[in-house]
Structures are given as structure tokens and as C-alpha cells.
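One structure follows; several queries about it will come next.
In order of appearance the chains are A, B, C, D, E, F, G, H, I, J, K and L, and numbering begins at 1 in each one.
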Amino acid sequence: MRIVVIHGPNLNLLGVREPDIYGKLTLEEVNQRILDLAQELGIEVEIVQDNSEGALIDAIQRAGAEADGIVINPGGYTHTSVALADALKGVSLPAIEVHLSNIQAREQWRQKSMTATACLGVISGLGADSYLLALRGLVSHLEGRGT
Amino acid sequence: MRIVVIHGPNLNLLGVREPDIYGKLTLEEVNQRILDLAQELGIEVEIVQDNSEGALIDAIQRAGAEADGIVINPGGYTHTSVALADALKGVSLPAIEVHLSNIQAREQWRQKSMTATACLGVISGLGADSYLLALRGLVSHLEGRGT
Amino acid sequence: MRIVVIHGPNLNLLGVREPDIYGKLTLEEVNQRILDLAQELGIEVEIVQDNSEGALIDAIQRAGAEADGIVINPGGYTHTSVALADALKGVSLPAIEVHLSNIQAREQWRQKSMTATACLGVISGLGADSYLLALRGLVSHLEGRGT
Amino acid sequence: MRIVVIHGPNLNLLGVREPDIYGKLTLEEVNQRILDLAQELGIEVEIVQDNSEGALIDAIQRAGAEADGIVINPGGYTHTSVALADALKGVSLPAIEVHLSNIQAREQWRQKSMTATACLGVISGLGADSYLLALRGLVSHLEGRGT
Amino acid sequence: MRIVVIHGPNLNLLGVREPDIYGKLTLEEVNQRILDLAQELGIEVEIVQDNSEGALIDAIQRAGAEADGIVINPGGYTHTSVALADALKGVSLPAIEVHLSNIQAREQWRQKSMTATACLGVISGLGADSYLLALRGLVSHLEGRGT
Amino acid sequence: MRIVVIHGPNLNLLGVREPDIYGKLTLEEVNQRILDLAQELGIEVEIVQDNSEGALIDAIQRAGAEADGIVINPGGYTHTSVALADALKGVSLPAIEVHLSNIQAREQWRQKSMTATACLGVISGLGADSYLLALRGLVSHLEGRGT
Amino acid sequence: MRIVVIHGPNLNLLGVREPDIYGKLTLEEVNQRILDLAQELGIEVEIVQDNSEGALIDAIQRAGAEADGIVINPGGYTHTSVALADALKGVSLPAIEVHLSNIQAREQWRQKSMTATACLGVISGLGADSYLLALRGLVSHLEGRGT
Amino acid sequence: MRIVVIHGPNLNLLGVREPDIYGKLTLEEVNQRILDLAQELGIEVEIVQDNSEGALIDAIQRAGAEADGIVINPGGYTHTSVALADALKGVSLPAIEVHLSNIQAREQWRQKSMTATACLGVISGLGADSYLLALRGLVSHLEGRGT
Amino acid sequence: MRIVVIHGPNLNLLGVREPDIYGKLTLEEVNQRILDLAQELGIEVEIVQDNSEGALIDAIQRAGAEADGIVINPGGYTHTSVALADALKGVSLPAIEVHLSNIQAREQWRQKSMTATACLGVISGLGADSYLLALRGLVSHLEGRGT
Amino acid sequence: MRIVVIHGPNLNLLGVREPDIYGKLTLEEVNQRILDLAQELGIEVEIVQDNSEGALIDAIQRAGAEADGIVINPGGYTHTSVALADALKGVSLPAIEVHLSNIQAREQWRQKSMTATACLGVISGLGADSYLLALRGLVSHLEGRGT
Amino acid sequence: MRIVVIHGPNLNLLGVREPDIYGKLTLEEVNQRILDLAQELGIEVEIVQDNSEGALIDAIQRAGAEADGIVINPGGYTHTSVALADALKGVSLPAIEVHLSNIQAREQWRQKSMTATACLGVISGLGADSYLLALRGLVSHLEGRGT
Amino acid sequence: MRIVVIHGPNLNLLGVREPDIYGKLTLEEVNQRILDLAQELGIEVEIVQDNSEGALIDAIQRAGAEADGIVINPGGYTHTSVALADALKGVSLPAIEVHLSNIQAREQWRQKSMTATACLGVISGLGADSYLLALRGLVSHLEGRGT
């Protein structure tokens, strides 16, 4: 089983960027936790980060050809990007959207997710754990457990 | 560590109610999975279900006095209940909101969660796994892991 | 054939409460007319009234187990209650929503019915007759006439 | 007692037009049921159908001069026509608005009725029975029963 | 100088229709006052009334070919009719919109005039005088006085 | 009969200010036409201009004590001033609101008149004639003609 | 003279719940102040608290039968509850709505009170004094002073 | 193959009406181009123009009985007419909506098309060519090419 | 202790202006009651009334320099005046906003108070008592009672 | 004559991506049809596809320097991209926007096109034919036919 | 060259009023910096401050007669005042609007500037420097530099 | 002191693109003026232009590591880009947003700046001078002058 984890814009600033909201872990530390859990779960994980909407669409399309599922944090593109949602709908993989912060408890324009309309589910507000739980949830879904 | 899992209105119909949306597991089966995981994680879990908004507020207030955290699926009260959000803010416990279905991908009036504004995070769209992941996430948060 | 008639909040005040809008018949008089018509139509009718949203959900769920159809006046819960609409969708019975007054001709916030989205049809503005016509319509529907 | 039944635009297509929504009865069959019930109730009924908003206003004005009540299905004009609502208010007859489908459970722009603001009540979602129940309700109203 | 006065839907009910709002003068009496003033001002006036939007568009187009200006009360079509506004813009005549009642002081959906966007000016709230003042204003405009 | 004509903010710039919209006549020329017509109609007219909302309220209140009617162009205060509307409602005089330009055909935020809700009627778009027609209309109203 | 004071959801948490917003007095202390003032004013006061919307409707209906006025803090139900507003309109007692915090200065969805539409007046933002002033105001109103 | 081309309100003014927006070709010249292309494509074309919404509905219904496809320019009815959309849905023919001007680049209330919801596609902004391309597109669709 | 009571626009018309809404007491009578209560409470009160927004800002600024608290009825400026709210925030005094009528039960545009966002609390709907209770509440607040 | 055809995000997935909506032709097949038609029309066509908004802006700017017209399907960027609209306005070429599906008949947020405000016209809903008709329309426009 | 600097409501409180938002400089200190820069730039500057909207309109009109440009901080009138915008449009001078704080980053109702629609440009968020930069920008504009 | 000036999409078209709105200076000429002023102020300036949102985020992040402040014109991304705003918040530098045109006086969807919420201030409408004044303002801010 192969899962692609896609980090959207500004997530490379993690640990530095508004730590009160996004936590003090760097992206490298978050990624290490993801890889550790992948090993524990016996799955392959590929991790991508990009600030460009187009590059994220490319990554989703590549995942569509090579992987079994997607964990994606679309960052600031979450709220308006029809193109990312179309890409997620366009490939045939289950995807879970994650957010470090609880977007429903922040500014009004962060409360609506356009990309989530193309996902299986959403996990938000749990910091780095949002990614880890999404990985567990996606594996459980792909193995037909959970429902 | 003691966690209260609160099921809101109509969740007692689980398995029967619109199974295409909410899945085929009954509430008993979901609860059994929750209890199994609790045992695995070495924590105590109390489970409550009620159709009445007032009774759910009572349950949250009781949890505030007796537990360390809350996992709550506010069901149809999610989208409008200021009183439930006030109850969650009124007690000093971390809470994770869960939904069986992905509310961001459903009718427009299901996309906004009033109660989530008073929660640590939200997990939706993963069926029974939404509860299990919430339990894991809450334990990780209470143990100071995750961030 | 067994039909449950559910009166929502404040309908126990009927005859006293704003009679210019809701008419001068008391709830007892309305119920008597319903029972008379039930006898004429040869059907069983059970009548419930409650001011609590949770108790109304309970009543809908009980009807789902024991009856063939529902006539419901959700009163003030009509306009916002996702939980009542979910309960009506959760049971497999045809339901007709009734209102004593013509809600489309009143305050703007009374013009939208959330609960009607889960009903077969709506009858409003005809006072006690709204109930009687709903009973006739529901029987006709259950007998396969009408369409 | 004389009642005018007014069918608005596209109702002449009944039985052919989107039968999943509007049913399989043709307009002739619906009209026959209306006339049968009229005979049973001992009243006179005149039936009109027109696709033109102006012709429907003319029909309402004529009813104002010659009849005791109006049953009207304004079809697609329901949601925007101030002129039809003004006509209904301009004549001194009680009117009941009917719809074959449950407009509160359809597209958002079908949920608001402009014309209903000028009516005694509304009956929707019960197919041909919507007309029959409206006829019964109007007779009951004109005979001073019902309230 | 030739002016066409166009009365929209339901104005043929004048005097009967909601006299508290629209006054007790019949359309014939209003028209007589218009004709008297026309004679006083030494101009020709043609008066049209129709309940059909299409017929009103026809009347505007005919006026475009045969007259120097238009006084129009679009009645219930005022608030939504793009087609009437397009007709007024399509002919090259100055037009004044009139209303018997003060539409800015009535229901919210009467406060916006779509047709007025295609007119020189609007006179409302002065009953039959709205027409007479519009006639005076239009003559003054056509004679190059007024500005 | 005594009528107060009240010019709101920036009307002292008339003739200079955006002449394509407001015309080339100066305020003095407009006022002269008003006084000429007053003489013709055999009435007394007092004319006030002020840029201050408070001073305009004062003027309305003085008119309430000393005059029979008000013609008012509230200028830029038209669209938002609850206080001016309250003043007009607070005195017991009929008032006609006038505008030089057709506010329904301008920017969206000019299309709603808050002050008109407290007036008998509105005349707009006819330049200086708006005032003259308002004067005629008000005299006709006060003399009981017009309706 | 007998007045019922009704505390809505979460007010039993007073003193503990978000003390920066709601103050440090417990509900018992607030109630004691109310009872002290009642004694000073020579009136009878009954105090009710409940988290359930239905129970609050029941309390209003009981007050309608046994008391002369109502002081009510509808808590989180303030902003959406048509049913509570209907109950207040349904009984024939003057009611004053109170809030500990100034709801007009808080989140947007707290600024609108649905229940206040059925009350004589509203007092907010003065902590426990909101209740005491409401009691004084209600007594003054019932004794015909104040206006 | 037989196609009906339906011109809505004010299109009979073409060439005269706002030529900067709608072009200088008259309706006759546009129709001649349509007929020339029909001959080139070897299909039958019938052309209708009417200013009345009801007559346009009649035309659509007639086309439903006698033709294979519809090209329609609903003119000013485009933006609000539920009845025209219902007529298009009610007949079983593919339809293409055309506009001479680019409605997405004009006033906000011209940007939404109600009737397009019932069409196969929309072509706008290309003047008379909008009709010619629609004819080509419809023929291609009916012949199973294009997809 | 010194408190400034500020009456906004049109309050000088009290007793005359729409007495059904604002009561029959004149401003002088209201002021006398305020002064009587001030004497009873042993505090100094200064009373100001002005129709001008600018003069009310001046009064607030003067109060900021010379008084301990403000009771203000901003009248028609309540709903839109950012400048008055800024003035209240700009001085460091507690202020209570009062209204004679219950603004939450009136027209929609009266339900939002812009100025209340800068106040300690709001008292509305209790006629002259609104002022008296505000005075009591402000004194209690300044003396550190109430919370 | 040289025309650039620009395919936006996710169009490289054509044939695979949601074929019920976007058809079964691959992008290569669509492009071949475009090139065949170009040859038939005797024009040069260059075809570009990119998932990145910035790259699409670059392509428009290059077309501005080297081509005579643009056919563009902005995909998911259609609905929000001010930058793409600015690019289209910034170059001096006529452009036609195309969509495979009928965007006016899909989700509400697909019904508004931001980019179309900078185009000559729009063709949607006709699958691959949308491109072919756009090519024909653009050539006709550039040759001065069509209007 | 002569420029008028106009300070709107509450700016006389500068240094005292919410210093976290508006800074600690008093109005006198800000004015001194403006006068120093004027001397450096070799231009004449007149400075006005007033809390009254009417007085600010008067000041703009005077500037229109006596100066070459305007720097204006409309304070709380920025967001709603049509009358101030009309005054700025009514005089023929270039004006630059300034704000001490960044209004686009504050409350939603501060983000829209009505008055800016009548200005050359806007400078906000730079404290006293907003004025100084506006002065420089205005001089550059008047001298024909800058573009 | 080192400042990065970032030009967003389409600014490379400057001088060619809609010169009535954006002026006749080319980007090179604007940049030369910026560099001249930088030399005059004794600071280092780096200038970047890119059409890609992702590349602009990269540029902001690089500036965060290497510079003391940012001057940014986000072009068409201004109004919707959460990702750019997040990048600006994510780095710890003061930023000033500039626009050549006065965005508050243009189309409604250009009036809101999403990116400005993450900036110190905004300067718009002054053409190339917007950049120069921003540079001055930023230097003044970094040197602790200005407030």
C-alpha cells in the first residue's frame, strides 16, 4: 500500500510560522513522525511540499497514477481552489484532508473548505496528529475496516 | 484517564438510518469498537446517547466534573446550537467533534459547525473510525504528545 | 393502518395563544376532530404533544417502529431543526407537515421549513383543517391513490 | 358555491413532463378527479389552464367577479410573480395554492412562494391529491367550518 | 406632441383593489383626469392597459414608432422584469415611471425597480397625481425646460 | 398654505457639481423657479439649505411647528439616515422626497432611500422639475385633490 | 405580585464558566441578590433554571398561568429559538430579557435576539445587575409607572 | 432533422436596439443567415419570435411535439423565468441557449441564466454567429458527433 | 460621582413623536425623573440633547474629561454611526446605551446597534425607565457592585 | 491567422476524469479535432496545457505577442481568478472562453465566470465541439464576419 | 501650491484614544510634522479638524474654492458617508484619503471606504506617516510627476 | 537595510496593459525610479516579478530570511489569496501593500484585499508613486520614525 502525503503552501515554514496557531514542530519533525508511523503500519509513504497550486495539482495527478490514497493539507488553497478539488475528483483515490489548526474555529473565510468536497473526510485541529490520524484512517479505509 | 463519548440525536438509529450516508454498523457495534480501543489504550470510557439538546448539555456538564476529555457527535444540533457550544466552552475539557459523514461535502447548511468553535478539533467522514481516531487524538493530546 | 399525529411546542396553548393567528379551537377540540375523521376513515390514530425537541425526535422514532405514517406540526422547530428533519429521514415512513397558519405569508424567518425537506408534502394555513386534510392525504398516499 | 381551479404554465404537459417529479396522471385525468369530487361535494367547478402570466391574471380577475374561491397552481410563476400575487390580493376571494411536488424539498429558488403571500393556505407534495384536498379545504373554509 | 400612458397588470382593478393602498378612484376616473390635463397642455395622449408582460412590451415598441414619450406604471412587473426594461431601453423615447403608492415605503421586494433603470425619472406615492405630474414633467422635458 | 423646501448636503454646489448628473442650473436658479411657482400657486414657501444632518433635523422639526408640508432633497443622507427619517415621522406633516437624478438608475447604494419610508411620495430624475412637481403634488394633496 | 425568573442553558455553571465574560458570582449568589431585592420590593419571586429548551417552554407556560411577569435569560437559545419566542407570545405576560454580557458587543451570531421580539424590553451587559434592574423595571411596568 | 429557433422579447428590435451592444444586423438579416446555414447543413429550420413569456412556452411545447432540437435566445426572460426553464425541461429535446452579447460581462443581474439550467449548452457574445454556431453544435450533437 | 446623560436626535420631540412607540412623557418630564433619581442616589447628573452627530461626539468627549460615566440614547444614529462608537471607545468611561422602545422587536435595520459595541451594556424597551435603570446600573458598576 | 488554444488545470486528465461530466475523449483526441479543423479553416493553431495559474498567464502574455486570438478553457480557475482575467484584458487579442460542460447547470460556484468578463464570448456544454465552435467563431470574428 | 488637510471625528483625541491602534502622538504633534514637511516641500498647508459631518463637507467645499488638493482622514464617516463622497466629487480637486491604522486589517465594517470612491488614492496603516506620504504623493501628482 | 519589492501577476505588462488604468510607465521605468530612491535613501533594494502565486510565496519566504521589509503589489491575487496572506504572516517582516490604481474605486470584487490583512499598511491609486511612498514609509517604520 502506497500513500502520498501532500503539504500545501507555507507548510515549509512550520515551526517558525505563527507557532501559537500551527505548533512548534518543524516540517521535518512532522514528516519524521509520519514516516515512523508508516513503518509501524507497514506501508509506503511519499511526502511532497510545494507552494504552487499548479505543482500541487501535478502531485495529485501523479499520485493518481502511482498510489493508493492521498493525505493532503491544501493550506491557504483550501478555501477557494476549485482546481485542486477538480484534481482530487479527477483521480480515483480516496483522500483525507488535514489541517493543523481547527479551521472551523478561526476566521470566517477559513471555515469553508472547497477541497474537502472532493475528499473522503477531514481531520483538523490536532497539530501533527492530524496527519498521523489521517494516515491511520486512510489505511483502515483502504483495508475495508472502519465501516 | 477518563473520556466521555457523547452521541447526539438520531445516532441510536445507526445502521438503520440512511445507511448509504451513515454506514451499516449499529450504535452498539460502534460502541463496542470504542470500548475495545479504550481497553487497548488503557483508558476509561463512558458512552452517552440522547436525542435532547438539554440532556446533551447536562452530559457535557457532568463530564466537566468527572472526566478528562470529551468526544462528541452533536448530530443535527451541530449546525445551530449555541447552547451546546456554550456548554463545551463552559467546562474546561478538551473536546473533539466527530461526524460519520463528511459534512463539508453535504448540503450547504451542514457545512458550518457551530459546536466546533468550542472544540480542539474535528474529525469527519470516516464512519466509525471517526470516533476511534478521535479517541486516539484526544489521548495523545492529554498525554502532551501530538504537538 | 396506524398514523401518529405529532404536535410540537406551544400547541398545547391552542385556543388561548394568539387566536387571531392560530384560531379559537383548543387542542382538545382539534384532537377530537382528528379522532372523528380517523373513525370515519377506519384508521387508528395516536396523538402526541410535547414542547421538547428531543421528545419529538423520540416520538418520531417510536412511530417509525409502530406506525404507517406521520402527521407532524413541528411548531417553532420547523424553521431551524436539522435534528427533527434527520429523525424524519431516519425512519422509513411518509410524513406530512402541517401548519395552522400560512407560514409563507408570515415573518421571513417562518417562510423556510427545514423539516419539510424530509416530508412527502406540506399543508398550511387552513387551521384545524390542515390536520384533517393531511390525514386524508396520508391515507390516500398509503393506499396508493393520489398519483 | 362556485370555485375556479387555475393551472399555470406547463401543467398541460402533465403526465409527460418529468413524471418522476410530477406524476404520471395527465391533466385530463387530474381534471376528471377534480370534477368528480366537485360533484360529490355538490359544488360547481370551472377549470382553466394557461401558459401566459397575463392570461392567469385575467382568469383570477374573472374569478373575482364570478366565483366564491380559487384553487391555483401558479407553476413556475410561483416564485417571482408579484403581478399574480397582486391579482390574488386585488380580488376578494379566498385562494389556496397547490403544488404537485413538495417545493420546500426542491431547488432553493423553488422554496419561496411569492404568490402564497396572497393566499389562505398552501398544499404541496401530494400530487393530484393536492388539488382534491385544496377543494375540500376551500369548501370547508367557505362553509365556515375548519376553524 | 404625443405621449403614450401605459398601465400594467391589475390597474384595471383600480378603485376596487386594496383601496387603502391604491386609492378609491377607478381607472376610468384616473384616465379622465389624464385626458383633461392632456387637453389643458395641448398634447395628444393614448392610454393602454394590459395584464400581460408581452403585450406591455408590444405597447412600448409601438410607442417607440409613433410617440414622443412614455408614462408607464409597470405594476407588479416593476421589480423583476428585465424584458420590460430592455424594451424601454430599446426604443429611443424618454419615459417616466409612476406608482400610485410609495414603493420605497412598502415590502422590501417592492423597493427595487428594475424598469426604472431604463427611465428618465420616477414619481411614486401620489395616487392619480403621480400620472398627472409625470405628464407635466415629460412635456417639460420634451420642450427642453426643466434643466 | 406654507411649505418648507429643504435642500440637503452639497446642493449649494449645484450647477458646478457634476453637471452631467445634476444639471447646469445653480441653486439660486432652482430656488427662483420654486418661488415663481409658489406665487403662481398662491402659497408661501420657505427654502433652507444645509450640509449638516443635525441642522436638517432641526429644519424638519421647525417645519413641523410652522408649516403645512415639506419638500425635501436629503442628498447623500437619503440612503442611510435613520435620524432624518425619524424626524420626518416625528412631525405630523406630509413630505415629498425629491432627487435631481434618477437614483434607481445609479450606483446600487443610491437605489435604497431610508428617508422615503417616512414620506408620502418620491419624485426623482427630473432635475429642477422634480422640485416643481413635488410642490404641485404637495399642494394637491393638502387640498384633498389627487386621490 | 408574582414574578418568575427563568435561567436558560449553562447558567448553572455561573462563576465557573468563562468568568471573564460572565463574572465570578455563582448562580446561587445571583439568585440570593434577586430574592433580596424581591423582599425589598415586596414581591414574590420564583426562580427556575434548566438546560432544556422544552423545559423552558414549560416554565414559561406555567408562568403564564400563575404569575404576573417574567424575567428570562434564554442563554444560547436566545439567538435561534422560534419556539421560546412563540411561548412568550403565547402567554399574556410582560417579559424582560436579560443577559449578563453585552451581546451586541460579542460574536455576530450573538447580536440578534429571536426571543427579544416577544419581550417588553432587554437589559444586557450589566452582570448580575441585569437581573436586578429587570426586576425593578418589570415591577415599575406592572404598577403602571415608567411610561 | 428539424430545429426550431426561438427569439425572445425585444429581438424584433434588432439592428435598432442599442446597436453598440446587440449589433447592427436586423432580425431579418440574422434569420436569413440562419436559413442559409440550414440549407448548407441540409436541415429544416423554423423561426419564431415573440415578446410574451406564455407564447414562448407555447412555442417550446410545440417544438417538443414537432422538432428534434431547439435554439433559444430567451432575452430578458433568461435571468428569472422558472416557467421557461420548466418548459424546456418538460419537452424531451436538446436545446442550446444563445445570446448576442456576452452576458457574463454585463450587469450582475444578467450574469445568471435560469433557463440555461435546462439546456445542453450556452453560446454568448458572438452576435449573429451565436445562432449559427448553436445550429452547428446542435446538429453535431443530434448526429452523435461532438463527444 | 458625576454622570452625563446624552439624548440623541429627535428626543426633543418626546411626547409628541409617535407616542404609541415612544410614550407620552415629554423630554422635560423624563429629565425630571432622571434628576429626581440622581438626587435619591446622591450623584450629580448633567443632561444634554442634540440633533447633530458632531455635537453628540463633542458631548461624549467633554464627558470623557469631566465625568465618571455616560448614559446615552443615540437615537437614529445608533444603527450606523461608527464615529459615535469611536468617540465612546476613545474616552475611558463606562457607558450604558438606552432606548425607549425595544429595538430588537422593530424594523430589521433597527435591530443592530453599532454604538452598543462601545458600551458596557444596553437597556431598551422600558420607556423612561430605561434611563432610570441605566442610571442605577451605572452607579452600581462605578461603585464596584453588580459583579 | 494564428490562434492559441489554452487548456487549463486538469484538462490533461480528459477522458479519464469524471467522464459522465467531461466526456470520454482524451485531450489528444480533442486536440487532433482542433488541428483538423484548423487545417480545414486554413489557420495556424498552437495548443498549450498547464495546471499552473502562473503558467497560463505566461501563455496568454506570449499569445498577446505572437497570435491573433485566444481560445481558452480556464478550468477550475474560471470562477475566481482575477489574475487570469487581468492577463486577458492586458493583451489586445479577442478571446473566447470554452467549457466542456454547461457550467450554468452545475454547482452554484461554477455558474459565475470571472475570466469571461475579459472575453468576447463564451461557449459551454458542447464537449469537444465547444472548442471547435469557438475556433470557427473566433475566425469569423477576426475576418469581420458575424456582426 | 496650497493643500488642505482635513481631520475627521475623534482625531482631536489622538494620543489618548486607543493608543495601541492609533499611536501615541497627539494631534498637535502630527500637525507639526505635517507643517514641517510642508515647509520642506515649499507648499502652503491649512489644517482643519471637526467632529461634525456637515462641517467637514463645508471644509471640503471651501477647499474646492481656495486650494489645489486635499488630504483627508474621514475617521468614522469613512465607511458610510455618501454626503462626504459627494462633496469630494463635487469639488474639482485631487484628494488622498489617509488612515492611521490599516482599515483592511480591522473589523469587517471598517474595510469598505465609501469616501475613497471619490479620491485619487488611499494611504493607510502607517500612523502619522500616512499624512506625510499623502502630502508628498499629492504634491507629486499636482506637479505631474508620479505617472 | 534591505527591502524586497515584489511585483505580482501581469505587472510585467505595465505601460502596455490598460494604460488608462495603470499608467504609461513600463515596469523597467518604475523599477528605475525605485532604485533611484533606494540610492537616495541609502538602502538596498531587490526587485522580483512573477506571474505565479507559488513563486510569489517563495519570494516572500526568501525575503523573510534575507531582508528587513517587503513592498508588495499582489496584483490580481490581492483579492482572494489566503496563501499569500499566510506567507506574509508567516515571515516576521513588516510589509506594505501597493496598488497602482485606487482599488476602492473600482469593481466591487477589487475593493477587498485579502493580503492587506497581513500587512502594516496599504498605499493605492498613486501610480508609480505608490511604490516610492511605500519605500519611504517602510524605511521610516524600520527606523522607528512615523509613530
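Everything that follows uses one rule, which is that a contact is a pair of C-beta atoms (placed from the backbone, for glycine too) under 8 Å apart; a residue touches a chain by one contact, two chains touch by 3 or more.
If you're wondering where the values come from, they're calculated on a predicted model, not measured in any experiment.
Put simply, chain C has to spin 120° for its C-alpha atoms to lie on chain F, with the angle rounded to a multiple of 5. Between the CA-based centres of chain D and chain I the separation comes to 53 Å, rounded to the whole angstrom. Centre to centre, using the average C-alpha position, chain A and chain E are separated by 62 Å.
The residues of chain L that reach two or more other chains are 52-55, 80, listed in rising order.
Annotation, chain-chain contacts: A-B, A-J, A-L, B-C, B-G, C-D, C-G, D-E, D-H, E-F, E-H, F-I, F-K, G-I, H-J, I-K, J-L, K-L (touch as defined at the top).
Of all the residues in chain J, the ones that touch chain A in their complex are 8-10, 12-13, 16-18, 50-55, 75-80, 109-110.
The touching residues of chain E, counted against chain F in their complex, run 23-25, 96, 102, 104-105, 111-113, 116-130, 133, 136-137, 140-141, 145-147. Chain contact summary for the complex, chain A toward chain J: residues 52-55, 57-58, 61, 64, 80-87, 89-91, 114.
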